[in-house]
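Common to both upcoming complexes is chain A, partnered first by chain B, then by chain C.
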Partner chain A sequence: MKDSLKNLTDVSLLWLLAIIAVMAVIPPITNSITMREDIFLILQYIALAASLNIILGFTGYVSFGHIVYYGIGGYVAFALMYFYGIHLIPAMIAGGIVCAIIAYLLGEAVLRLRGAYFAIATIGINEAVKALVNNLEFLGGSAGLFFNFKIYQNYGGAGNAIWLAYYLMAILAIVVITSNYLIKKSKFGLGLMSIREDEDAAIVLGIDTKKYKSLAYMLSAFFPGMVGAIFFFKNGNIEPVNAFHLLKSIEMIFMVVLGGFGTVTGPFVGSLLYERIRGLLLVNPLFKDLHMAVAGIILLLLILFVPSGVIGYLRDKVAILRRYVE
Partner chain B sequence: MNAEVLIDSIISGLLLGLVYGLAAIGLNLIWGVMKVINLSHGAFIALGMFSIWILYTSFGIFPYIGIIMILGLGLVLGIITYFGALHRVIDAPELSTLLATFSVSLIIIGFGTFIFKTNPKALDFSLGGIEAGSIVILGTKVATGVISIIFTVLLYAFLYKTRPGKAIRAVSMNRTAAELMGINSSLILALSFGIGIALAMVAGALIATIFPFTILSGGGYELKSFVICVLGGLGSPIGALVGGITLGLIESVVTLGIQTSFVPVLEFALLVAILVLKPSGLLGGK
Partner chain C sequence: MSILEVDGITKMFGGLTALNRVTFKLEEGEILGIIGPNGAGKTTLFNVICGVYPPEEGKVVFNGENITGLSPFKITRKGIARTHQVVKPLNELTVLENVMVGACFGRDYRPLAEAREIAFEILELTGLIDRAELPAGKLNVPEKKRLELSRALASNPTLLLLDEVLAGLNPAEVNEMLEIIENVRKKGITIMMIEHLMHAIMKISDRIIVLDYGEKIAEGSPEEVSKDPRVIEAYLGDPELSLKLLKKRKAEFDAAEGAEKAERAKEGT
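Entry: the complex of A and B
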């Protein structure tokens, strides 16, 4: 415990948290709505990418349909707020917990699969849940649920409600990044990374890989559940197409790989860069209609030539960075 | 439910299943030989749909002749894709190949959306129908089923009777050993990927003769192909055909009993369940 507290004051974590915190307070100070929307998106990306990093980056399990937890958390929280008028914060935590429980149960089955089999199974899970929710009448089926505008009155109006969502997302991003750091520095994280490098060797060395994988999967499902809750609260409606969009899953993976998977700074850098690239592609008249194709080309070049991502590459090339960039 | 409705849906399920199977065989061949999950499969299926549409509407080429041309086109595109996107990462962890094939899919769909937009297209031609009592089966469906079988048989003949086919099987069993026997594994991998893509595009072209389509339609068939491969056993081409027929029957017969919208739930739950309980597929040993 003392060790982990000492870890919290490490420079390589502190500068990262400081940047996120500074970034997060810009919109409230300048009171700029567009800025708030941009940074909300970045914070959401950070929280999602860093969550995925726990199972994908540290443990080496390619959870391709990870967005399913974002959707489930979103639906659980949305339903709690919609039907029972529960406040966002407890609803959000409930969403996260339900996701962790589902991840535990599903993990019992699918974490036995390795490599590409696991990847396909996670895609299957996402599609199955999407199709199921499409059919659940009480969740609005394929049309989804819409908030009555009155629901925001409990938060002092829609404006305040959106700010609340914004602050919660900022806190969540910081918590997820911190947890990434703590995991990486702990014995638990070391165990996960040994699973990534060679699972059989890890078993031989006495690591309870089943428990480790299960815990990693639960953690990496818990946070996206809360992100989904906040996002759909702010959004005001939730529908299966949005909540379980496979493309969003791939966005998450893209950000982790872009920044450098298995690093703590990587998902953060990846999210920032991705948001910029996406913005450029969508706005630039030259690329606007071709943004998907250009994104594909960038992704391909990245995979082929910089597989360790920006941070992985820099840490490789510049020795001094290894002390300050985790 | 009367017998005729049942027979009707069994027959169309069977015919549909055959073409699903053809699409999945490509995916399965690629997985079996290269251990790569081809996430660009759906994009190539869509490309096949649009190829036949262009050949038919712009050049007036009869669709079933166009399919031969599409087979050649697919082979070339697949080989190019292999050397452009996969060759460098073929030995990297599966995340790299998953993302590499996905980026190919983004590129194809990106350009496709730019060129063709996303409004639905359909091939405007008909082969009449075969009537038996009150049952009418569309000629295009029959042709699709028959052609799918022909291509499957041809693939088998190729894999088992020809030298390159045997080399493909050797590489899929043990790449290192095959290399030691003097097989150029890069060429074989490229060829396998080319064949897999060619089959996907042909399947897409055949599907386009039955159903309307958009550039985004491939995604749905790609997911179906996953289910089929898993049903029949990943890596087993004949399993893909069996899986395809199973899926076709599930889609057409089960919908007589339950709501259509529940079918995907069933399909994907089946996918996960089989992966977990019997990863070698329904036909697989052990």
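Entry: the complex of A and C
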């Protein structure tokens, strides 16, 4: 970590953070609600995609049901706010920590699996948790929980509460992207990437693969937990169908692969592009129900022809970019 | 004290006994050759020493410490490094990063910046320096073999296990590699190597162990081993015939040597 901290002033990270920061301050300056909703969504995508990138992009483990941590974090934070009136920020952090702990425990079992088996197991985890929450009466079962509007009064009214959620999401997106960068530039990241390339070689080279995989999985679960907390706070209600929606998992994978897995800029670019593609398709009467089908076709073509994604491809073809784009 | 003691190692895969009570010692600074027909258990022996497979019986003692059953990464950090017969480059990482992994997680467990310096030094030694920034997947086979060796050396081992580093190399490349191995030995690193290339292993080893069907059938100097009828049988099948062939070859060799002596004597006059 010491090695990578002094890299924080690196151009390839700074321009990326600058873009996100500029993007994030447009809505408050223009005071545009539509813009805020759009950018909130993009920031959420960035945070989710960059979180998944830690386990999928750097470590090479395709966590297919990763949205489970978004749901768990959402439920933990929502319940803390709902039952105990705890403030969003500590509730959000608690959501993240619970996710990391659950990821550690589940990781002990599923991180022994490799390739498709791991992917299938993670889908199973998501579905199992969804079924469990569906049957938990105190969490409202399948109907979920609804905030009493009074909760927002602690934040100075619903309007302010939504702006708070917005700013937190912007900060979180920046934190996750920065953590991606720090991981990539650290010894820890080198170990993770070795595991991605050849796990058997990695362990013989002296890497404690079990510990490293576990840490990567915990980190990549911690952030989505917080994203879920913010999203469902802003949403005002939480129900299992929304919290553990497998489709959102696939969206996350799509964004990481589209942008370029294992890069720092990739998840950011993938999120922007996906939000645009989705927006265009959703308003088009011909495609409005088919946006995931189109995304699926794009994903297939990407994996066949540009497996390294937009950023991976550009870095490969344009040598000068390698200095400015990580 | 021996640097490595392998004591009665048995390794089974289902009903197949890959290693059967194999015992030997390795002295510090020597080069020990391991030979044997295909499927004799040579690579399995390496895998047991490195901790990839736990043995059913027996123990491996390294520097007086029992390391049997330890996880491979712990054994690596104690100072045993290896290369793979089927090369395992980290394809998407650069050659430099591959070697840095060795230095970062090996015996010395270096931080990233120091590992980079060490990797440059090692690549200079193994002649891959002009490939440093290339993704490892883009190297050709001889280069990948050298990368395996570089990565193992970067971990600063006291014992180096080489699994067929000469296979698939042309004669010039073999000589280059042998030179590198000699240099490694001069640094005081003990070496154990599996090799099929007989003339090379006979030349470079101090001592040779022969495995056949998981059993150690011979041990000794290259000369002793090459004359052992059991070894000849393992390699050629029929000991009678093999002995005859060997005698014939020896006669030819003597004759050639005689002729050469005569030649030299003639030149001398």
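Simple rule for what comes next: the second predicted complex is superposed on the first by the 319 of 326 C-alpha atoms of A that agree within 3 Å, B and C clash if a C-alpha of one lies under 4 Å from a C-alpha of the other, contacts with A are read in each partner's own complex, and residues count from 1 in each chain.
Note that in this section a contact is a pair of C-beta atoms (placed from the backbone, for glycine too) under 8 Å apart; a residue touches a chain by one contact, two chains touch by 3 or more.
What you see is a predicted model, and the numbers here were worked out from it, not measured in a lab.
**Q** If we overlay the two complexes on their shared chain A, which of chain B and chain C does A:134 touch? Say first, second, both or neither.
**A** In the superposed model, A:134 contacts chain B only, not chain C.
**Q** Given the superposition on chain A, which partner contacts more residues in chain A: chain B or chain C?
**A** B
**Q** Have a look at where A:177 lands relative to chain B and chain C in the superposition and call it first, second, both or neither.
**A** neither
**Q** Which partner does A:209 contact after superposing on A: first (chain B), second (chain C), both, neither?
**A** A:209 sits against chain C, while chain B stays out of touch.
**Q** Looking at A:304 after the superposition, I want to know if it touches chain B, chain C, both of them or none. Which is it: first, second, both, neither?
**A** first
**Q** Could you look at A:192 and tell me whether it touches chain B, chain C, both or neither (first, second, both, neither)?
**A** A:192 contacts neither chain B nor chain C.
**Q** Can A:115 be said to touch chain B (first), chain C (second), both, or neither?
**A** Only chain B; A:115 stays clear of chain C.
**Q** Which stretch or stretches of chain A touch chain B in the complex?
**A** By the definition above, chain A touches chain B via 56, 60, 62, 64, 109-110, 112-113, 115-117, 119-121, 123-125, 127-128, 130-132, 134-135, 142, 250, 253-254, 257, 261, 289-297, 299-300, 303-304, 307.
**Q** Spell out the residues on chain C that touch chain A in their complex, using ranges where they run on.
**A** Per the touch definition, chain C meets chain A at residues 50, 52, 71-73, 76-77, 82, 84, 88-93, 97, 100-102, 104-107, 109, 111-113, 115, 151, 155.
**Q** Under the stated contact criterion, what part of chain B meets chain A in this complex?
**A** Residues 31, 35-37, 85, 88-89, 92-96, 98-100, 102-111, 113-114, 223, 226-227, 230, 234, 259, 261-262, 264-265, 267-269, 271-272, 275-276, 279.
**Q** If we count contacts the way the header does, which residues on chain A are in touch with chain C in the complex?
**A** Counting only chain A, the residues touching chain C are 2-4, 186-187, 190-191, 193-194, 196-198, 200-209, 262.
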